[in-house]
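Below are two complexes that have chain A in common, paired first with chain B and then with chain C.
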Partner chain A sequence: MVRRDTINELGIRAGFMLVVYLTFALQLPNYHTATGIAALLDGAVLIGTVSVGVGISMLAGEFDLSVGSLAALTGIIVVQAVGLGVFPAMLVGVAFAAVIGALQGLAIGILGVNSLVFTIGSLIGLRGLAMVISGENSVTIPIDHLDEIDFFTDRYFGIFSPLSLGMVAVFVLFGLFLRFTRWGREIYAIGGGRNEAKAAGVPLLRPMVIAFTCSGALAGLGGSVLSLRLGSATPLGFDTLLLSAATTCLIGGIALDGGRGNVIGIAIGLFTLRFFITGVASLGAPYYVQNLAAGALLILVIAGQIGFRALHRRRAFHRA
Partner chain B sequence: MKSPNRSGQAKARLLGLAAAAMLLVPLAAAPACASNGLFVVFMPPGTDNYLAQWQKGARAKAKDLGYDIKIIESSRDQAEQDSQVQQEIASGEKVDGYIWWPYVNAAGTGSLRTLSKTGVPVVFTNQYPIAGTEKFWTAYAGVNDFLNAETAAKALVKACGESKTVKCDKGLIITFPAGYSAGSDRMKAFKKAATGLTVIQEHDAGFMAQEGYKTAAQIIPAHKSEISWVYTESDSLAEGVIQALKENGLHPGVDVLVVGGTCHGDTTNLLQGELIGSGIQAAYLEGWSSVQTAYKAVKNGKVIDGETYLPANTDKPPSDDGPVHRFNFIPNPWVGNTQADLDAFRLWGYGFKELCNY
Partner chain C sequence: MQNNDVLRMRGIAKRYGSLTALHGVDFTLARGEVMALLGENGAGKSTLVKILAGLERADGGSIEIDGQHVRLRSPVQALHAGVAYVTQELSIIAPLSVAENICLGGGEPHAIWTARALRARVQPYLDLVGLGGIDPAMPAGSLPLAQQQLVEIARLLSRNARILILDEPTAALSDAEIEMVKSVVRKLAAEGRSIIYVTHRLGEVFEIADRVTIFRNGRSFDPVPVRNLDIDELIEHLLGRRLEQMFPERATSLGPPVLALREVTAPGLRRPVSLDLHRGEILGLAGQLGSGANAILRAVAGVAPYDGGTIAMRGRTINPRSVREAIKLSIAYCSDDRKRDGIFAVRNLYETFTSPALPRITVGGLLSRRREVQLSSELASFFEVALSRLDTHAGKLSGGNQQKVALGKWLGIEPAILLVEEPTRGVDVGARAEIYRHLRKLASQGLCVMFASSDNQEVLGLADSIATFFRGRLVRVVRAEGIQPEELLRDVTHPDESQPGMAA
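Our next item is the complex of A and B:
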C-alpha cells in the first residue's frame, strides 16, 4: 500500500506543476488548446522516456551518466538501419542499447565500481563510437523518404501522437514493473540500503543489471524515436539530455541516494519542467534565462521537498 | 514609446527572471503597439558572441521595418530545436516569416520541412542549405561559406608568395565542430582554392579560442617541423592555435602563416602580423539582412531564382526595395593586418570595430 505521506508529497508536486502550467497558459495563446497540448506532449517524449530509465538507475542508488551518448549512438544506428523498415530498425537500436546497458550493469555489479566513475568512461567512449560510426557527420534519412516517417505526427484523440502514446506506455509499463514485480522491488531494495538488502537475501547483481538495462534501453528508445522523427541523427546530439533527465527525476522526487520515488513523480517532474522551459522559450526569452529559470525551479522544488520532509518529521516526533 | 520587440523581449526576460526568483505571479501583459507583423527566429543560443551580434542586427532591422521579432533560442541540440518548432506552430500565433538557423544543418531538415508546411516564408540563414531541401525554404540570407573560405585560401596563397621567411607547403586545417555544415563547406572550398598547398591533417575543434588551443596543442607537436601554414575557419579559433604554435616554439607570421578568414573582436593577433589578414563576416549585418530578406519575401510574394550579393557600399546599407533572390549573400571583403587597413575599412556605414566586435 502506498504510504499517505507519499501521496501527500505527490499531491503537492502535482499542484505545483499545475501552477506552472496555468501561469504560462494565461500568457500564451493556445497553450491550453488541443494542438498546444499535443505539442507539449510531443516535446516531452525524449526527456520523458529517458528520465524513466535514469530514474530507475537512481532508485537503485546508482547513476547512469551515459544516456546522452547512448541515445546519440543508437540514433545513428537506427537511421543507418532504416532501410530494414522503421520498426525493425528501432528494434535493432533498442536491443543494442539494452545490451550496452546490461553490460554496464554487469561490470558495475561485478567489479563494485562506482557507477559515476564507470559511466563517465562509457559517456566518453560511446560518444567516440558514435563519431566513428557516423564518420563524424550527421546521418540522414534521404529526403525523398521523409514521407515514410510522417506517421509519427498522426493524431489520436486530438492530443496524442504515436510518440506520445509510446511515452505514456513506457510510464505505465515501468511504473507497474517497479511497483508490482519482484525484480522491481529488488531495485528499490538495493537503493534503499545495500547492506540491509543483502542481509534480507536480495541479490545485488540482478537488480543492478536490470536497472542499467532499463536505463540503456530507454535511452536507446528515446534516441531512436527522436532521430527517426527528425529524419537524422548526429554524433554530437543529445548532449544536454542527461541534465534534463536528472533534473526531471529530482523535481519528481527521485532520491539521489536511491530507494525513494516513483514513476508518477517522474511524470510530474517531466511536465513541470517542460511546461516551464517551453513556456519561457515560447515567450522568446534568451537561452540563459531558460537555464536560469530551470535551475531556480529545481532549487525551489528541492527546498520545498526538504521543508516538507522536515515538517513531516516534526509532526511525527510530536505525535510520538 | 516602448518598441514592440523590446517590450516582448523584456516581458520574456521578466518572466524567466521572475521564475528564477521563485515568483510565479501573473505577468503583466506587454503594452500593445502597432506592428506590421511578426518574424520568428529559431537559432542556437546567443551566449556565443557571434550569435548575440546577429540578434542585435536582426532586432534593429525588425524595429526599423516596424515588425515584431521573436527569437527562440535552443540549446545546441537539434531535438530541442525541433520541439520548439512544434510548440511555436501549435501556438497558432500569426507569423509573417520564419528565420531558420539550425545548429546541425542536416539534422534540422525534419524541422525545416515542418516549418515549410505552414505556407509561411522560411528564410534560411548562416549555414548554406543542404542539397535536396530547396522545396522547404523560401530564400537564403547570410554568409557564403564557400566564398569566405575561398577568399581566405587566395589570401594565404598570395601571402605565401610574398613571404620572405616561409616557404609554404604542408599545413593543417582546424575546423568548426563535426557535423556543423558551415565548417565542412569552408573546408571543401578552402582545399579547392588553396592551390599548391598540401593538407597533412584536418581536425574539428569548435568555435572558441580555447577550443582551437586545445585541439592545436594536441596535434601541433607531431607536425611542428613540417607545417608552414594553418587554416582555422575563423580568427577566434586562430587565436587559440597561435597560442599553441608559440608554445611549440613556432613564430606565427614568421615560421608559419595563419589564416582564419572570419574576423573577431580581439585584433591583437592581426595587428601583430600573426594573422595574414581577415575576412569581414559581420554577424550584425547577417542578422540585419536575414530580416530584410524575410521582409522582402513577404512584401514581394515571389523569389527570383539564382543568387545575389548585397552591394558592399561603404556608407549605407542596401535598400529595402527590389527583388529577393533564392540566395542573398552578405559581402565578405578582405582586410589587411595593419592599423591603417582597419581604420580605412567601411561597410554599410560601419567600421571594422563595429562589425567585428564579437
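Our next item is the complex of A and C:
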C-alpha cells in the first residue's frame, strides 16, 4: 500500500464519520450547538484516551485486554490517594498503571507468550486486586476534598473542558510519538513484520515494553480522570471499556494483525462511534439498542473495509 | 599470510542429526573481491554462509575477520563483526518507509525521526545501491522485489558491513533487475568491500566473480580465479563423481499419454508450455527457483490455475481451480514446503496419513478408528515408515520420514497423477534413495509422476523424461538417456549462451 492509499483510506473513513454526524445533526438540534459538542467531547474522553493505548498495543501486533481492569484499579487508587491533592494523586495513579503496563510488556516480551493469553490473566487478576484494595466497596472522595475537583466543569473556548483538552493532548502527543520517534517506528516494525524486524536488528523487547507501558498508562489516565470527576470509584467499574476501545480502533482502521493504522484513524473511529451512539441515544433508544447499533456499525465498517480493499487490489492488479 | 584476507574460516564442521553438512571446510575471502560459491543443493554452501552470518553455530572450526578471532553466535554479533547476510526471503517491513527500513535496528543516534532527517541519513546509501532516484519516504512494500533487495543491501551498508553475503540474489528477479543487482555488486567490490555471492547461475559467475569456491558433499575446494576457468571446467568441478546406485532402474516402456498440456500459460510462466505425461512415466521438470518448473505443477494442481491453453486428462479438458478440485480429478500435489502444508506437525501420523482421504475411513459420517489404523498402516508400510511410529507427532520425525509421510498420505486418494515439488529437499542421502525407489515403484504400478527439482542429479537419476526450464520458459523436453549432465546444467543455468567460457 502506498502512502496515497493510506491517505485515501483515512479520507474515506473521515467522510463516513461526517455522514454519520450529519445524519444525526439534521434531526437533533443540540448536535450542532456548543453545549452539544462539548457534551459529545466529554463523553468521548474515557474511550478516546484508552483507545489510543489499546491502539498502540494493536500496532505492535499485540492486544492489551487488561485496560478495563487496570482503569478500575487505578481509579480506586487515585480516589484513595486524593488526600495528596488531585494532581499528585493522578500522577501516582498513572505511574502505577504505567509500571503495571511495563511489567506486562516485559513478561510478554521475555516469555514470548501470546499477549491475549497473558492479558486475559491480568484482566482477571487486576480486577481481583481492585476488589482487595477497595474492600469490595465503592470508594468516594472525602467531602472536604470535593471542591478540588470543581475545575473539571470549567469550559474553554466554549466547547472544551479540562478533560477533553487532556484527551486532545493525548492524541497529539502519542500521534507525534508514533510517527516521529525511533521508538514509535519500532512499534510499527514489530507489528508490521516481527520476523523481518528481528532480522533487521530491531530489539523486540523495547518496543513491546513501550507499547504496553503506553496502553497501561493511558488506561490508568482514563480511569483516574473519570473516577475523580465522578468523585467515586468502584472496583466493578469500566467493564465495557475494553470492547469500546477495541471497537474504536477497529473502526479507525488499526489492523488487528499490527503495523497498519495511526492515531488520526483512532480519532476518526472514536467520533464515528460517539456520533452514532449518542445520536441513537438522543433519538430515545434504550441502552441495549445502542449496543446493538454499535455492534452493527463495527460489522458494517469491517465488511466495507474488506470490500473496498478487494476492489482496490483488483484495480491495482489490472493496472500492473 | 597475506594481509589481504579479510576473512579466514578454518575447519568448519556442522552436523544436523545424522547428516553431516560440512566436514571441516576451509574458506578465505580477500578484501574487495567477489567470491562466488557454487555447489549443488545440499553441498553445504548455504550452511557455511549461515554460520558466517551467525544464524547457525558451527560444531567445530575457527573464524577470523581481519586477523581477529571472532565468535558469531547471532546475526547481531555477525553484523558487529562486519558480516551482513542478504537472504532470498527479504526482511523488509512492508508498511514502513524505505528510510525507516534502513534505519530501524541500526545505530541511528537521534530519537526524533522526521522524513527529512532520515532522508539525509539514508540518501548516501541509496545512491550507493543505485536507488538515488526513489523517495525514501515511500512504503518499502510498494517497491518491486529487486529494489526491496537493494534497500536491504543499503541497510546493511549503513551498518558498515564489510563482508556481504548475497544468497542467490537474482533467483526471483527479471533480467533488467538482475543487471541492477550485478552493477551494485561490482560497485561495492570496487569500494573495497568483499562479497560472497551464492548462485546457481554459472553465467553470473563469469560476469561478476573474481574467484569461485566450489562445494561438493559438504567439502570445499580451494578457490579458483575465474579468469583461469571456462564453463566446461566449472561444470566438471561442480558435479564430480556421482552415486549411480542411488537411483532405481528406469521404466522400460511407457503407457499412453494421460496428461497433455497444450500452449499452457499460468502464473510464473513467461512462455506457453506444451508437455505430455504418460502412464507409468516419471517426468522431471528441471529448473532453478523462478524457472517455471514449479509453476507447471501448481497449474495442474489447481494451486495457481492456468489462464491460457488447455490441459487435458485422458482426452478431457480439465481446469482445476483449487486443490480440492484437483483431488476430485485424482491429481495429488505435494508441495516443496512440507512444514507448511505437507504434514500436521503436532498431530500423529494416523491423522496425517489419512487426512486427504477422510471419506475412505468414514462410516455414516463418523470416523472409523479401525479403518483409520488400517489405511495409515497400509500407507506407512508402502513407504517403509515404522508402524510403531504411527502414534508420534509428525513434526518429531526426521526430514526424510516427514517427506515419506507427506508423499505417502496422497496415495490414500488413489491418485492417477502425482505431482511432487522438490521430492527430497532437506532429506538425507539414505532416505533419498528410498524415496526414489518408492516413486519408481508407484510409476511401475501405473501412476504418472511429475516432479520439479532444482537438483540436477536427482532429475537425471530418477526421471524417464526431462523437461528443462529457464526463467519462465520451457527449454526442451528430452529422454533422460539422451542428455548429458553438462547439457542439463547448461539448460537450467544459461541455455542461450552457446559458447562456453565467455569473458568475465
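The rule is simple: the second predicted complex is superposed on the first by the 315 of 320 C-alpha atoms of A that agree within 3 Å, B and C clash if a C-alpha of one lies under 4 Å from a C-alpha of the other, contacts with A are read in each partner's own complex, and residues count from 1 in each chain.
We adopt the following convention: a contact is a pair of C-beta atoms (placed from the backbone, for glycine too) under 8 Å apart; a residue touches a chain by one contact, two chains touch by 3 or more.
All values derive from a computational prediction rather than experimental measurement.
In the three-chain model built by superposing on chain A, chain B fits alongside chain C with no clash.
By the touch criterion defined above, A:V99 lies against neither chain B nor chain C after alignment on the C-alpha atoms of chain A. In the overlay built on the shared chain, the residue A:N195 is in contact with chain C alone; chain B does not reach it. Applying the stated contact rule after C-alpha superposition, one finds that A:L91 touches neither chain B nor chain C. The partner of chain A that touches more of its residues, comparing chain B with chain C, is B. Applying the stated contact rule after C-alpha superposition, one finds that A:T181 touches chain C and leaves chain B untouched.
When the two complexes are overlaid on their common chain A, residue A:G259 makes contact with chain C while staying clear of chain B. Centred on chain A, the angle reaching out to chain B and chain C in the chain A superposition, using CA centres, is 130 degrees in steps of 10. Smallest inter-chain Cα distance, chain B versus chain C, after superposition on the shared chain: 31 Å.
Shared interface residues of chain A (contacting chain B in one complex, chain C in the other): none. By the touch criterion stated above, chain B contacts chain A in their complex at residues 8-9, 11-13, 15-17, 19-22, 24, 26-27, 29, 45-47, 70-80, 82-84, 86-93, 104-111, 113, 132-133, 177-179, 184, 204. The residues of chain A lying in touch with chain B in their complex are 19-20, 23, 26-31, 33, 35-36, 38-40, 42-43, 46, 131, 136-140, 142-144, 146, 226, 229-241, 276, 278-290, 292-293, 295-297, 300. Residues of chain A that touch chain C in their complex: 1-3, 180-186, 188-189, 192-193, 195-203, 259-260. Of all residues in chain C, only 75-76, 79, 87, 90-96, 100-101, 103-106, 108, 110-114, 137-139, 141-142, 155, 159 touch chain A in the complex they form.
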